[in-house]
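Note that the chains take the letters A, B, C, D, E and F in the order they are written out, and that residue 1 is the start of every chain.
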Amino acid sequence: MPSDVTSLLFDAANLMVIGMFVVFLFLATLIGAVNLIAWVNSKFPEVEVPVSRHQPSQSKSNIAISSGVVAAISAAIHQHRNNK
Amino acid sequence: MPSDVTSLLFDAANLMVIGMFVVFLFLATLIGAVNLIAWVNSKFPEVEVPVSRHQPSQSKSNIAISSGVVAAISAAIHQHRNNK
Amino acid sequence: MPSDVTSLLFDAANLMVIGMFVVFLFLATLIGAVNLIAWVNSKFPEVEVPVSRHQPSQSKSNIAISSGVVAAISAAIHQHRNNK
Amino acid sequence: MEKIQLLWDSTALAHFEPGQIVMMIVGALLLYLAIVKKFEPLLLLPIGFGAVLTNIPLAGFSDAGGLLYYIYHIGIETGVFPLLIFMGVGAMTDFSALIANPRMLLLGAAAQFGIFGTLFGAIALNFVPGFEFSMKDAAAIAIIGGADGPTAIFLASRLAPDLLGAIAVAAYSYMALVPIIQPPIMRLLTNEQERKIEMAQLRHVSKREKIIFPLAVLLMTILFLPSATPLIGMFCLGNLMKESGVVDRLSNTAQNELINVVTIFLGLAVGSKLSADKFLTLETLGILALGAIAFSVGTAAGVLMAKLLSRFSSQKINPLIGAAGVSAVPMAARVVNKVGLEANHHNFLLMHAMGPNVAGVLGSAVAAGILLALVA
Amino acid sequence: MEKIQLLWDSTALAHFEPGQIVMMIVGALLLYLAIVKKFEPLLLLPIGFGAVLTNIPLAGFSDAGGLLYYIYHIGIETGVFPLLIFMGVGAMTDFSALIANPRMLLLGAAAQFGIFGTLFGAIALNFVPGFEFSMKDAAAIAIIGGADGPTAIFLASRLAPDLLGAIAVAAYSYMALVPIIQPPIMRLLTNEQERKIEMAQLRHVSKREKIIFPLAVLLMTILFLPSATPLIGMFCLGNLMKESGVVDRLSNTAQNELINVVTIFLGLAVGSKLSADKFLTLETLGILALGAIAFSVGTAAGVLMAKLLSRFSSQKINPLIGAAGVSAVPMAARVVNKVGLEANHHNFLLMHAMGPNVAGVLGSAVAAGILLALVA
Amino acid sequence: MEKIQLLWDSTALAHFEPGQIVMMIVGALLLYLAIVKKFEPLLLLPIGFGAVLTNIPLAGFSDAGGLLYYIYHIGIETGVFPLLIFMGVGAMTDFSALIANPRMLLLGAAAQFGIFGTLFGAIALNFVPGFEFSMKDAAAIAIIGGADGPTAIFLASRLAPDLLGAIAVAAYSYMALVPIIQPPIMRLLTNEQERKIEMAQLRHVSKREKIIFPLAVLLMTILFLPSATPLIGMFCLGNLMKESGVVDRLSNTAQNELINVVTIFLGLAVGSKLSADKFLTLETLGILALGAIAFSVGTAAGVLMAKLLSRFSSQKINPLIGAAGVSAVPMAARVVNKVGLEANHHNFLLMHAMGPNVAGVLGSAVAAGILLALVA
């Protein structure tokens, strides 16, 4: 059994190294992502929309937008079907 | 297959006519019902009970009513058993 | 069938007596328990902790207490394993 | 043409059975009582509505795959809904009055004679041709005398699911009728002098006592009556959450949103048991009669016990408060207060009646445990 | 080394199928519409998120044992979630405007031509190679014209579960697009003079009428269209809880916490049906096209019916309010108000449009019942 | 007489096993800690109560058909409850501090050494006779070092359900003990000078960044660690609902009523795993010891990483904030603040510590995903 445990212990050490490596890799990449977001955000500053108190934002629908939704989905489907 | 579709199409037309007919019939009958309710309501005007602010209406129990409940249920059961 | 019913009725009477006896016994014992709690409580009067309004009691953790928790659980386990 | 025939066939008109119509009228009656007469509307409105829905021909609300079928099987058959209601009720209950005057527990005990006496009566009814109540049926019916909705539903779902609808309807109807049923009995068994008795003010109860109380009740139930622990355990959990003061957000949810959601579903599921073949039977008449007896006997037993207790007590006890021992919280306590005020305009018995009132809840849960242990 | 290989294999990068990537982009698009464009965010945000989650390779959200698998099977397959939403919507709906002017029901009826006309169109589409809609498929697609989310989901889950994702997405997308779709049609079918018509103020509706109304609707549905009783029954239960005024705590929970919880789960479950093999098909294109037609036809039918009704009516009717008959509560009524104001700055049609608007909800539930009776 | 014998047999007194009594005392101890010492009462109160209920002889709370049986199988075995809690926690979490200073993520990463180091330790414990932890057991135990309740319960329910009770109790107990465990380690590894360091104020974070952040986290998890998407996905859904601002009613329900209901049930279900045969074992002692090690190692790793980071950083970093990387939100951040104030009365580190604190939540969810991918 001690030999089994030794082999298990070896696996655990392995897992420990890989695990810490991946955690660091993942969170370090996330640092990059956050910095990227901040950078993009500073390039395209938010237009401060003075939210009117009088209209409920909940169910408001922005009319100014084209009905491009459906077009976009359609395009995606065509794309996909052609690729198949 | 086109012949199948034609027959299906015929069914769909059929369903369309019957469906719209039933929808109109149903909602037109409901108009009658609402008018009837309004008429009955105007005949027996609501007694404006000035709700007292001091007693919670939630769990209030109207004592003035006879215990006719049980009598009514009993009568219904007798009725039903005799009809069987 | 009447004889069956009679025997059933005897059982019911039996159950009635025992049931009422147990209900009384149980609740009478509870009287004793409540009196005991009140007595103990009066012996060790509650220290009126003036609850500060400023800190939320919800997630407060009392630091002054020793970490005896773990010790206590450990002791319980040892106790149990030895008794087996 | 064929489609129109199909449509007609899919109309209820072609499929109504007389029993379904009668049961819909019963459902409508329950809605009327709930909405117009304000009889226990929180339960009777969903029950009445469920009764209507379950009796619609072709709609299949209570058939496999139907909405009420799911709700019933998930919530009632498992016993989960009544237990969650009991937790919420526990989180709403204040035991101060009982802790201050624990002898009130004896009144809550005496009133349970409404249960056990009715059990005897239900079996005795078997001498009448047409009645064939088993001991389980009798126990489930008798619990109506506990005057506690979730306890009745829980026990009926365990012992006699077929009678569940009638038992629940009877229990809630009589609870709403408490202001009519109780006063005559209370007046019959007491004299003017007794009804005028004023009681001493209750002592202050400390927060610590209130926290320990549900734990003590639970401990005793565990030791002596484990079959009552589902009901009393959940009740004590709710009460502990409330009194401990450390989990207010859980306690608030248990006594508001959670109990509201469960109440809607519980009512609908109980209503779904109001089908003609289960409800329009001679048994239902027996259940209604026995329920009335149960409430009356419980009330009488409570009052008489209070008189007895008063005799052996140094402090005077107004025997009216014994009537609150049947539970029916808080209606019964209010009735006591009202009858007391009629005899003595300065006599406010409400707080004193809350003691036996909550004792009655414990008492009927204990009685349910006994029945589960000995009959199930 | 082996572990690193294992880790790479357990990375999504090695397992992505193109369809999954496209569907994630669709999900992201829905999130964009919900958050940035504020298109029906209460539904499209959870749907979009669910679409992303369900298409993650290896994560198995929609495989047996996955979170979305459980939610879908418990809530959608059983029909429970849409029915609970309908109960909550019922508890939020005020029928005053409709009771005051019941002829508005005819506008709600006319607008259902959006449903039945689309059903015909869906079958006609079968002449186009590649489309093979069965009658059940066609019925499920046509219900998009009802402009009512829970009704569409309920019917689709019953008749064509495979199309559920596309149908729900189309229904909610077009509901959000109502302010774009409807005005041109409304302007096309009416002249300046008609749009300027001001309508008489509505009479006061008594509490009693409001209580009886849901019961009358339920009774009629029971008698004539039992297949519609699940939807209309739960809707009427919610409305009755609200209007009766005796169970406010239940009504409040039904229209707040309960509907919120169910909305989160419903949205996630609908999103879980947005898988590449179900959504990236020719059928979806057909559904999107038919959905647009359904909304347009329904709007036109409502407006034309209003013009017809105005001719036979003593009091003038502004034909714009016919457009509100498609449901899409309360968006369609707001659009009517807005277009009305453009023609006449003193013309506030909102209250008048609420009548056909809620009539449209009933109308599409009735239509759903007809389809269930004749097609299922 | 026979009935009395039956009653005695139905009494717990005749059936208690010693282990059950011990476990009830453990449950009572947890209640004591929750109520009197206010140790994580939201979880420990229901857990303690569940532990008492599940050990009642004859009551069968955790047997098929019992209340706790249903709750456990529906909520924990499926993983649904911890995921819903995580969604609620996500809706309560503010990532501003982390977005303003993303390098804090490295502290959250370092603290996960508490997890992986403990995994090694758990396997090493197998050299001690009597311990036989499999790799799955070790992984489930190690996650205690994540200092995050729902993550621990989710992972334990997946990898080692038998150890779930002990692991959850250890996790919550040590989280409550954070104010005792952490300060000595923090003081040992830092000098007075370091503890006095004041940090620069954090920049303002825009609404858009806060909306994109959860989506970015989700995207990365999807790409690189799909096995972590259940946890991180639900967390990000909650956070997106909060930050998007378009579904406030859903977000509020998720972080209030829904999480409260689930917390009650989760606690009871975890408590139901505290049975004598599962808990009163040598393994539990090992788990308690390893848990303490995990917290200590995680704290130390965080502090050391902060010192390292400070060396390579232009702006000074107070190494104390590294201790917040273990999660235990918001307790660990408060402890950092307190220890910081002791060294420098003008040094408020709370906001700075929130960054590593929420980074620790992400870090331990990531670690859980790694363990699920490599061990499960």
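Definition applied: contacts are C-beta pairs under 8 Å (C-beta built on N, C-alpha and C of every residue); 3 or more make two chains touch, one makes a residue touch a chain.
What you are looking at is a predicted structure, and each value in this text was computed from that prediction instead of being measured.
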Those chains which touch chain E and also touch chain A: F
Shortest chain-hopping distance from chain A out to chain F: 1
Distance from chain E to chain D - Cα centre to Cα centre, in angstrom: 41
Cα-centroid distance, chain B relative to chain F, in whole angstrom: 53
Separation of mean Cα positions, chain D and chain C [Å, integer]: 24
Numbers and ranges of chain E residues touching at least 2 other chains: 3, 7, 38, 41-42, 224-225, 246, 249, 257, 370, 374
Residues of chain B whose C-beta touches two or more other chains: 15, 18, 22, 57-58
Residue ranges of chain E in contact with chain D within the complex: 78-80, 83, 211, 215, 218, 222-227, 229-230, 233-234, 237, 240-241, 244, 246-247, 249-250, 252-254, 257-258, 370, 373-374
Complex contacts: residues of chain E adjacent to chain B: 98-99, 102-103, 105-106, 108-110, 112-113, 115-117, 119-120, 122-124, 126-127, 135, 138, 206-209, 212-213, 216-217, 220, 224-225, 245-246, 248-249, 359, 362-363, 366-367, 370-371, 374-375
Complex contacts: residues of chain C adjacent to chain D: 2, 5, 8-9, 11-13, 15-16, 18-20, 22-24, 26-31, 33-35, 37-38, 41, 46, 57-58
Chain D-touching residues of chain F, taken from the complex the two chains share: 3, 6-7, 10-13, 24, 31, 34-35, 38, 41-42, 45-46, 49, 52-53, 56-59, 61, 65-67, 70, 256-257, 260-261, 263-264
